[in-house]
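These notes concern the structure reproduced below.
Chain lettering (A, B, C and D) follows the sequence in which the chains are written, and residue indices restart at 1 in each chain.
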Amino acid sequence: MNGRTSCVVRPTLEKTSYGVGRTTYDRDDKPHEECGVIGVWSPEPVDVAGMLQLGLFALQHRGQEAAGICVSNGQDLVIEKDLGLVAQVFDDERMKRLRIPGANLGIGHTRYSTTGSNLRFNAQPLNVRSSKGILAIAHNGNFVNAKAIRQELLEHGAVFQTTNDTEVMINLIARYAKLDLVEATARSMRELQGGFAVVLMDRHTVLALRDGNGVRPLVIGRLPNGGWVFASEPPALTLVGAEFVRDVEPGELVWVEAGELRSLQVLEPRPTPCAFEWIYFARADSVLEGIGTHESRVRMGEVLAAEAPAEADLVVPVPDSGIGAAIGYSRASGIPFDYGLYKNPYAGRTFIQPTQELRDLKTKLKLAPTPAVRGKRVVMVDDSIVRGTTSGRIVQLLRDAGATEVHVRISSPPIKFPCYYGIDTAARKELVASTHTVEQIRGLIGADSLAFLSEEGVKRAVGGPVCLACFNGRYPAGTPEGEGQKEALEQA
Amino acid sequence: MNGRTSCVVRPTLEKTSYGVGRTTYDRDDKPHEECGVIGVWSPEPVDVAGMLQLGLFALQHRGQEAAGICVSNGQDLVIEKDLGLVAQVFDDERMKRLRIPGANLGIGHTRYSTTGSNLRFNAQPLNVRSSKGILAIAHNGNFVNAKAIRQELLEHGAVFQTTNDTEVMINLIARYAKLDLVEATARSMRELQGGFAVVLMDRHTVLALRDGNGVRPLVIGRLPNGGWVFASEPPALTLVGAEFVRDVEPGELVWVEAGELRSLQVLEPRPTPCAFEWIYFARADSVLEGIGTHESRVRMGEVLAAEAPAEADLVVPVPDSGIGAAIGYSRASGIPFDYGLYKNPYAGRTFIQPTQELRDLKTKLKLAPTPAVRGKRVVMVDDSIVRGTTSGRIVQLLRDAGATEVHVRISSPPIKFPCYYGIDTAARKELVASTHTVEQIRGLIGADSLAFLSEEGVKRAVGGPVCLACFNGRYPAGTPEGEGQKEALEQA
Amino acid sequence: MNGRTSCVVRPTLEKTSYGVGRTTYDRDDKPHEECGVIGVWSPEPVDVAGMLQLGLFALQHRGQEAAGICVSNGQDLVIEKDLGLVAQVFDDERMKRLRIPGANLGIGHTRYSTTGSNLRFNAQPLNVRSSKGILAIAHNGNFVNAKAIRQELLEHGAVFQTTNDTEVMINLIARYAKLDLVEATARSMRELQGGFAVVLMDRHTVLALRDGNGVRPLVIGRLPNGGWVFASEPPALTLVGAEFVRDVEPGELVWVEAGELRSLQVLEPRPTPCAFEWIYFARADSVLEGIGTHESRVRMGEVLAAEAPAEADLVVPVPDSGIGAAIGYSRASGIPFDYGLYKNPYAGRTFIQPTQELRDLKTKLKLAPTPAVRGKRVVMVDDSIVRGTTSGRIVQLLRDAGATEVHVRISSPPIKFPCYYGIDTAARKELVASTHTVEQIRGLIGADSLAFLSEEGVKRAVGGPVCLACFNGRYPAGTPEGEGQKEALEQA
Amino acid sequence: MNGRTSCVVRPTLEKTSYGVGRTTYDRDDKPHEECGVIGVWSPEPVDVAGMLQLGLFALQHRGQEAAGICVSNGQDLVIEKDLGLVAQVFDDERMKRLRIPGANLGIGHTRYSTTGSNLRFNAQPLNVRSSKGILAIAHNGNFVNAKAIRQELLEHGAVFQTTNDTEVMINLIARYAKLDLVEATARSMRELQGGFAVVLMDRHTVLALRDGNGVRPLVIGRLPNGGWVFASEPPALTLVGAEFVRDVEPGELVWVEAGELRSLQVLEPRPTPCAFEWIYFARADSVLEGIGTHESRVRMGEVLAAEAPAEADLVVPVPDSGIGAAIGYSRASGIPFDYGLYKNPYAGRTFIQPTQELRDLKTKLKLAPTPAVRGKRVVMVDDSIVRGTTSGRIVQLLRDAGATEVHVRISSPPIKFPCYYGIDTAARKELVASTHTVEQIRGLIGADSLAFLSEEGVKRAVGGPVCLACFNGRYPAGTPEGEGQKEALEQA
């Protein structure tokens, strides 16, 4: 959601920081989902803040850099947000401030920032005072035409706080000062392009919406008391005690009015949900568009075993992301599954800086082979390769521990193109598959063999239409002012 | 600068807080200045951040709740602001972030918040991105017609982050998208009413301006390298190495263009600077409108001795605010000056909460009589009385320590009316002089005699035209939508 | 190591706390190892602090409440310790203070505190100035006769800072003022009883020692430059670049002298290392007494499958502790292994306090069944049961997710007795197996069947002599002044 | 109290730091008192912690680096201490921990650390567990023979945590394991030499004692409920609601037994209280040995005016330390007193680091001349000169502001010798008067004339026997193993 494209314009580089240090989060070599969103509306006062905290905790994997919650009781509206994990940001003091009497609605956001934008200022929900009263918004995705709309708004005397494209949407809604909130939001959906899932609130209601391609997920749940919950993934519903109802449809705007869920199909649905939600992002217990993620990962492993068999003694997952596919690979191939890589549970959020002589320890801090691999031919299964550096280090660790052969199997196709719909996959030139053949990558990582799942294999394992733009450069929801499209064409 | 009047509207009461605890500052029974401002422009790169930090430190007495600095090098613009004292907010880390290469201009702000608004969010400088690029603003004072202008802007699709009236000015400037920054600022000055002193910057220049009455002070200094400094009081110029040039005139807009100081007399000057700057606010080493504050305080003591003589053995100041007038009173009366009240230098910023049995210790923590007062008739000199509670406690302390008589002399008239131009004097009903006669106040504080300096005496001691609205209810720069005016008339 | 027994004496209950808040760590229903220790000696200056930090990071699982490092360069000696995880305690500032020029030796400690003793004061290494110069000590385990020795020292004029039994050892060594450090340490080993592994340093050398039963692990590694490393587990050696040499023998004292490793067999070895190191504590990539932990866990699962077969469709581990045994169970039984429980990687260190209506969420925050279990008969494999509460909640989660049968298999015998050698297993009365039969526990946790691994099975899977005191009450290294022994006898 | 002499021994230089940053305190060019102490005993439960907090707040000027409180209810004993000011250390959380039910006694300490020893570890009260139970001690002063006693204790197997000489006293008391606490304390007093005032507690009573010369002050107060308070200065008694009873006599040990105050004259009294308590240290509202400090300061100014008259227009104090003497000088000379130097009340605790071009701002940040000095011949009055650097800067500030002549008058003799009794006067070679004549110093500071008060003048102004060792090198209570004595003789 951060307007990465406009970041190259120098005058927008200024930083507005608002104090306090933060936990440095150790970035691994994975694509990064940029956000998780949640909204709650209850017919009667409940612990909205507590529910949003739990829901965000269930969505923590979608963004670890910042978190925010906004609640209202119909009169007051309180926002708390900061850099950090959900459990860090929402300490006792902040929860106390959020637990205003009579609160019955609210929204929440958890965020993965792109490099250089890890500023408190960009934490969401954003809120503004407008002619429609106070509005707050939480957003997952990217608007590809944000820059042009922003320019037009500026020329009409608008002011902005950030370069964040979410602020463009809220200003667009405010500009339709004569329309009511639902109409103004619908009109904004028609003007904005890209992949996005948004929850929005004023002091009385919560709205949720999804772009026409449904690139980013958004689901609807019902509370036992008749309230409604919107969230990026179903486990957030479960944790707050809501029952899954259905996905928000691509191009649909839903909101709560007089206790009822209202819906407007604003844009024509052309469903191409992001394949990476099944490959890696979404939790193993999520079911999106009716398709379970863990099941599809096991199937990816099975298809991969068929597409790229290996002569080996053990199937070893790279924990935790390779576990599902490794189970599938083991089942389909008959090669025993084993826990050949110990994952230090404390490594995720640490930041240890050894001196020069101890370099390259990042991977070692996190993973250590068990003696099970000694003297074995190993199939090492992981979900994806971005830069390839980590994969090479793991291969070496396995060899050092006595593995006689290491066959790497990746349960997704090579990532060659950037994502413009809310995923941070590293810059184009850093994508190893963008500039190397599979055989070259095999050489780089030092594997005995290397194979990726095919695009066809992904489709088969998921079983529905998906966006595969990062693999093939075909962007179903447009590109930022043509730029990505061009790059994609050059490549083709 | 905080729109206190609009705070009574319930929907604007919501809080947007941004983390971290803060030092609680012990409020004394004094009127409170709400802000100090500073701006620096240099023809070549200098340590702008360091200069602004020093300048704000020299203006710390004008606001202890929050501080902020914004600097630019012509391209990047960085803001750091937070709740706390200047020395707390601008720690090494923040100074490092502010020291961007090539910086040559910036503005700073130090703030005293009104009750309930001690939020980081309201810290200044405020900044926005507009069609004129990035703007930052720092403000001392109040716009009395902010509410109406705000409403009109909302109806044209504007959005606001706060209820702060400073944001109204910046939106007003942005709305004049076709005018250049100087013209747009001048036009805004014509629309806004009240008492205000403002510094404003974009990435290239600094502007400074003052309302037509010149209620709040603002002075101009020159750096040895040809640069310019604007600040609320001259000691800030001295500390950054600038030489005092002149006051900004009431109604004048000045800015730096091609290295030269340009000026536009936007509004007709009707000078009525705030009398309290000389009575209490401004530093003892300040000279405003050509009149030294310490000198005028000594004169206030001299006039007071003439207006209200006392039979006594010692003149004892309430430290530190009563020192100047006590020296004057001693000189004019011939009664020896003595340091009869020890002031604990650690009391200013502390917050000790004793249990019930130890109540009423706040004054005792701060002040303790020396044995010098034992058996003496004491003239106790202070600058003003707001609620009167502290004065009564000091009288009692002196009696407990053996003073045989306590004659209280106040070097300002009774405060009966609220200030609408940036000073927090407590609510009308809390002003003891608003509801009590001098004789009644004397009884309340338990003094043997009590006298205030007359309005005429203030004018004589200062020697120039002054705003005396808090003493007599005559508001030279208007009132918020008539409210205060009416109250004043009722009183008259 | 904390003298729990003396804690019942009221006058020792006073608290000496030293400020700063701390991350609350969510205690699961597991036995807790109380400490990890490490010592490094290098023939030339190296980044000792960095090595100890890495080593402690590799031992983080042995204690998450506090961490400390002490280094020396032969002259200066610096200690830094605090409550928190290794990565929290050793931030940049502390590492800078620890990186003294010329440092070539040091020790480190990571600690799990027993309830109520999570005080900074108790963090280790402890250090004292004695007639032998400055000494520092880090300890894993418990002295069962600490109380009596402490009393005797007090009567000779000694003073103590804490009730910590580690301080008793250091005072005992200091009392032998005429003996050199090695002799005084050996003499202390002879006087102290219990299970303990200790590293100890002065400004010149590092010593390491283990009780006669070798209850707690301690291994020796060699650095490429000829230096020596002592650590609780081999992965700490690997991470600092040392090669595993051998275990310290039960009853052995080793130290570095003139660059050589010297050894003294102080006590007669009667090896009974703690079985729980293989069952649960030690890392999956550790090899202790020549026996790999992951391998022995897989064997435990295999033996368990033979001892307690089940008719089922899926073997599901409780992540992460049940993974090894689940793989073994799956292999031996032929029932497919699946990842049926998603573990939220952010749950470990969080502390979310929902309100009443959302209670019992602790387990749900951490674990969520995947759709894979729907309609399946599940074998749920875990390593141990302490209180049984968590197991019951997981069984219920699986049923809620559609599992038709849940057969619980535990890869250790029922825990019925307290450990006096450094493990916190909860109070006797809280141990569900101490007061309930297996069938009663099965009923409590709501499983369709429940089976524990037999004591014989543990021995078979480990393949060497082990301490099984927490299962059978036979304490090979004594009990605190007879108390535990008596309790054990009553039980028998 | 910090064993400065032993600090030169290299092996004792190691640092044991315990986390958290601290407020840097801006050291002025003044002698520094090293500590304030307080003890409270009440016949019934009271808010002991709150009383100690208030008492320490009243003693804050005696030590700003660290503060500590220890309380007991007869069973539990709680200590809280940390680096920082009293109001910082004793925040709500710490006060809550100190407010144990039934508390009726406690001691407190506020500390000024010597350079390099600003470690949390050295904060007091110290506490130990001994054969006499738990003891806590708070100390103001220095033991000059601590090193030798420490060595002897080490050889008997004692261990120490610090190089702090206070720990020596506590170990000495513990060594007399057969004597009761009062007897053991009296015996320690007989063995220790130097200048010291100590409060000491176990869980039942509080003891207070003073060396035979009474170098450091200690007074006794009575609570309305029959309880007893001991404190360094009388204002601490006043603030906790106690009435001044008398000074503790030189060489006296007092304690509370069965509600009564018991006394033992352990050492022969040879009273030589420190002259600097009247010159500078003690609060202006203190009365020590029956002599008021403010009164004696006014007298010092009067004597100084007689000894060293000046032709001038204004007497200007260096605030705040020169105010008393300036009033005296003005009265005796007839030259008008004026507030010619504004003191920034925020400067005390700040730490602003300007870049090179803005150097030497430390004095400017704190002091600024008012226009009152312009065109005037000024007598600048201060209490002492240590290094002389600050005095020179103030003279220059006055000249820059237009003073035509600056005559410096100092209300104490030149400081030429170190203090061994608890005051930090900077190293011998840094004392400007140790190496320069008065005329040379005048030249260095750029004054038109310079005069110091004579030793005789000090005695006359105080009116009782005093220690003048820092002026004349005659140490009434011994020197550390002869060292200072020798240095003093060389000088003579």
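Please note the rule applied: a contact is a pair of C-beta atoms (placed from the backbone, for glycine too) under 8 Å apart; a residue touches a chain by one contact, two chains touch by 3 or more.
Here the structure is a predicted model, which is why all the values come from computation and not from measurement.
Listed here as common contacts of chain A and chain D: B, C. Shared contact partners of chain B and chain D are absent. Chain centres here are C-alpha means, and the one lying farthest from chain D is A.
The mean-CA centres of chain A and chain C are about 37 angstrom from one another, to the nearest whole unit. Chain centres here are Cα means. That of chain B falls 61 Å from that of chain C. Inter-chain spacing, taken between the CA centroids of chain C and chain D, is 48 Å.
Taken together, the chains touch in the following pairs: A-B, A-C, B-D, C-D. Looking at the complex, you find that chain A touches chain B at residues 10-21, 72, 75-82, 93-94, 97, 120, 127-131, 133-134, 154-163, 170-171, 174-177, 203.
Interface of chain D with chain B (complex): residues 46-47, 50-51, 53-54, 57-58, 60-61, 64, 85-87, 90, 92, 95, 235, 238-241, 283-285, 287, 292, 294-295, 298, 320, 323-324, 327, 331, 336-339, 342-346, 348-355, 357-358, 361, 364-365, 368-372.
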